[in-house]
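Following this message is one structure expressed as structure tokens.
Chain nomenclature is as follows: A, B, C and D, assigned in order of appearance, with residue numbering initiated at 1 for each chain independently.
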Amino acid sequence: MNLRVRFAETDQMGVAHHSAYVIWFEAARVEWLRERGLDYRRLEAGGVSLAVSAISVQYHRSSRFDDELHVAAALTELRSRRVRYRYLVTRGEERVATGDSLHTPVDPNGRVTRLPTVWLEALEKHVTKP
Amino acid sequence: MNLRVRFAETDQMGVAHHSAYVIWFEAARVEWLRERGLDYRRLEAGGVSLAVSAISVQYHRSSRFDDELHVAAALTELRSRRVRYRYLVTRGEERVATGDSLHTPVDPNGRVTRLPTVWLEALEKHVTKP
Amino acid sequence: MNLRVRFAETDQMGVAHHSAYVIWFEAARVEWLRERGLDYRRLEAGGVSLAVSAISVQYHRSSRFDDELHVAAALTELRSRRVRYRYLVTRGEERVATGDSLHTPVDPNGRVTRLPTVWLEALEKHVTKP
Amino acid sequence: MNLRVRFAETDQMGVAHHSAYVIWFEAARVEWLRERGLDYRRLEAGGVSLAVSAISVQYHRSSRFDDELHVAAALTELRSRRVRYRYLVTRGEERVATGDSLHTPVDPNGRVTRLPTVWLEALEKHVTKP
């Protein structure tokens, strides 16, 4: 997905605050699903959320207000109780940041559950080897 | 309540971003209730939320990273379907910002409801004339 | 401008938090300038920022995760020391929120300054009667 | 440092959004310095910022609105061009989250620089073996 760095996302160092990338990764996951005909809202409506159990970000270059960034997401691991995504943030040809998120399917009470079979099957063909 | 301006709340102008004040007002409302022996979580657990229906902020001075601010909240209107708060943000003797929020009690489906009588009675004595 | 409500922008009431609208207004201002061939970054590079001196938002309907919203901005007042914008947030035909922001041109030290003549002239033809 | 989970920090899963922890870590770093008689503002005033070059968070339990959390920071690596912190978020006796951040001293233009000797010396005695 493409996005513009919002003014509110900058900090007094004049760059996008490092917490903004975590939010961009999430937005990129949602778009990644949509581009594959899947809808995260429908997953949640079915009673399953993908709770974030770990996240990591490596910041290679800073980004600034109004920069146009591309955030690529890739599904790198898919199991019934564990889903992993990898991210790459670029500005034109430059690598701005990379990252990784690990997810656990949970029910509406926050208890670990299994990813529904229909979702496993729909996602299977989109797994990228890391 | 007292708070420190977080680094993440600053923007590239080197001051706290104007959206942060809206979040501080909310934190001050929660503390205001707590100081009066009331618990916003209990209100929500009882099926009533105070949805924000309008907000206004006037910025008199900027605030900066690590500034220690005081946010005073005052309940200025209390009706079964309408609650209003007023805010004053200060840094020492300086007036930093003022504001106002209007709330509508809603049920878990977002439909307008009445503030429970027990809450009306508990809040009544805390109304400040505006 | 169009945007999708981000997951991170929701709160435990299941709707977009009211502070998110303030950030969307700002993003809409930046896009409004860009669509008219103007660049807020260039204004800031020239040593002038438009500090927010007041903001108001009226929330008519809630918006939810992944809703596609349109945020329209209109310049409603233009003076050398005072700029005002008006906003309308819609989801399809529905009016979701309206708002208003007042700005003061400031120099890099936060002191009130005059909007450069070249900006006044460029903006003049875009003023909308309120 | 102690903090209360803000309403604005929750998401529609009813828990604190995972990006909030990244911001809490930062606030804990600032407090960690203050408790040792050091002032991050003074470091920045001297022309050196500690840019975040990597961050990781492991989420062990969710936290909810108004939870009182403790965020402990520990300096685990100190070199002139590389500083590392470790974090532990707890609620009472429960471990809520852990994390790690890596920092690079940069000058006001974002170029890598050395941490001033006076800071190295002041921090040396506070390094915790990881």
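Of note:
Here is the rule we go by: a residue touches a chain if its C-beta (ideal position, glycine included) is under 8 Å from a C-beta of that chain, and two chains touch if they have at least 3 such contacts.
By chain, UniProt protein names: A, B, C, D = 4-hydroxybenzoyl-CoA thioesterase family active site.
Please read all numbers here as calculations on a predicted model, not as lab measurements.
The most distant chain from chain D is C, comparing centres defined as mean Cα coordinates. By the residue-number overlap criterion, the interface of chain C with chain D counts as same, with over half of its numbers used by both chains.
Averaged C-alpha coordinates give centres for chain B and chain C that are 23 Å from one another.
A straight line joining the Cα centres of chain C and chain D is 32 Å long.
Separation between the centroids of chain B and chain D, computed from CA atoms only, is 27 Å.
Each of the following residues of chain A touches two or more other chains: 7-8, 12-13, 15, 19, 23, 26, 65.
The touch graph of the protein chains shown is complete.
Looking at the complex, you find that chain C touches chain A at residues 4, 6-8, 23, 26-27, 30, 39-41, 65-66.
Residues 12-13, 15, 18-19, 22-23, 26, 44, 49, 51-59, 62, 106, 110 of chain B touch chain C in their complex.
Those residues of chain C whose C-beta lies close enough to touch chain D in the complex are 7-8, 10-15, 17, 19, 64-65.
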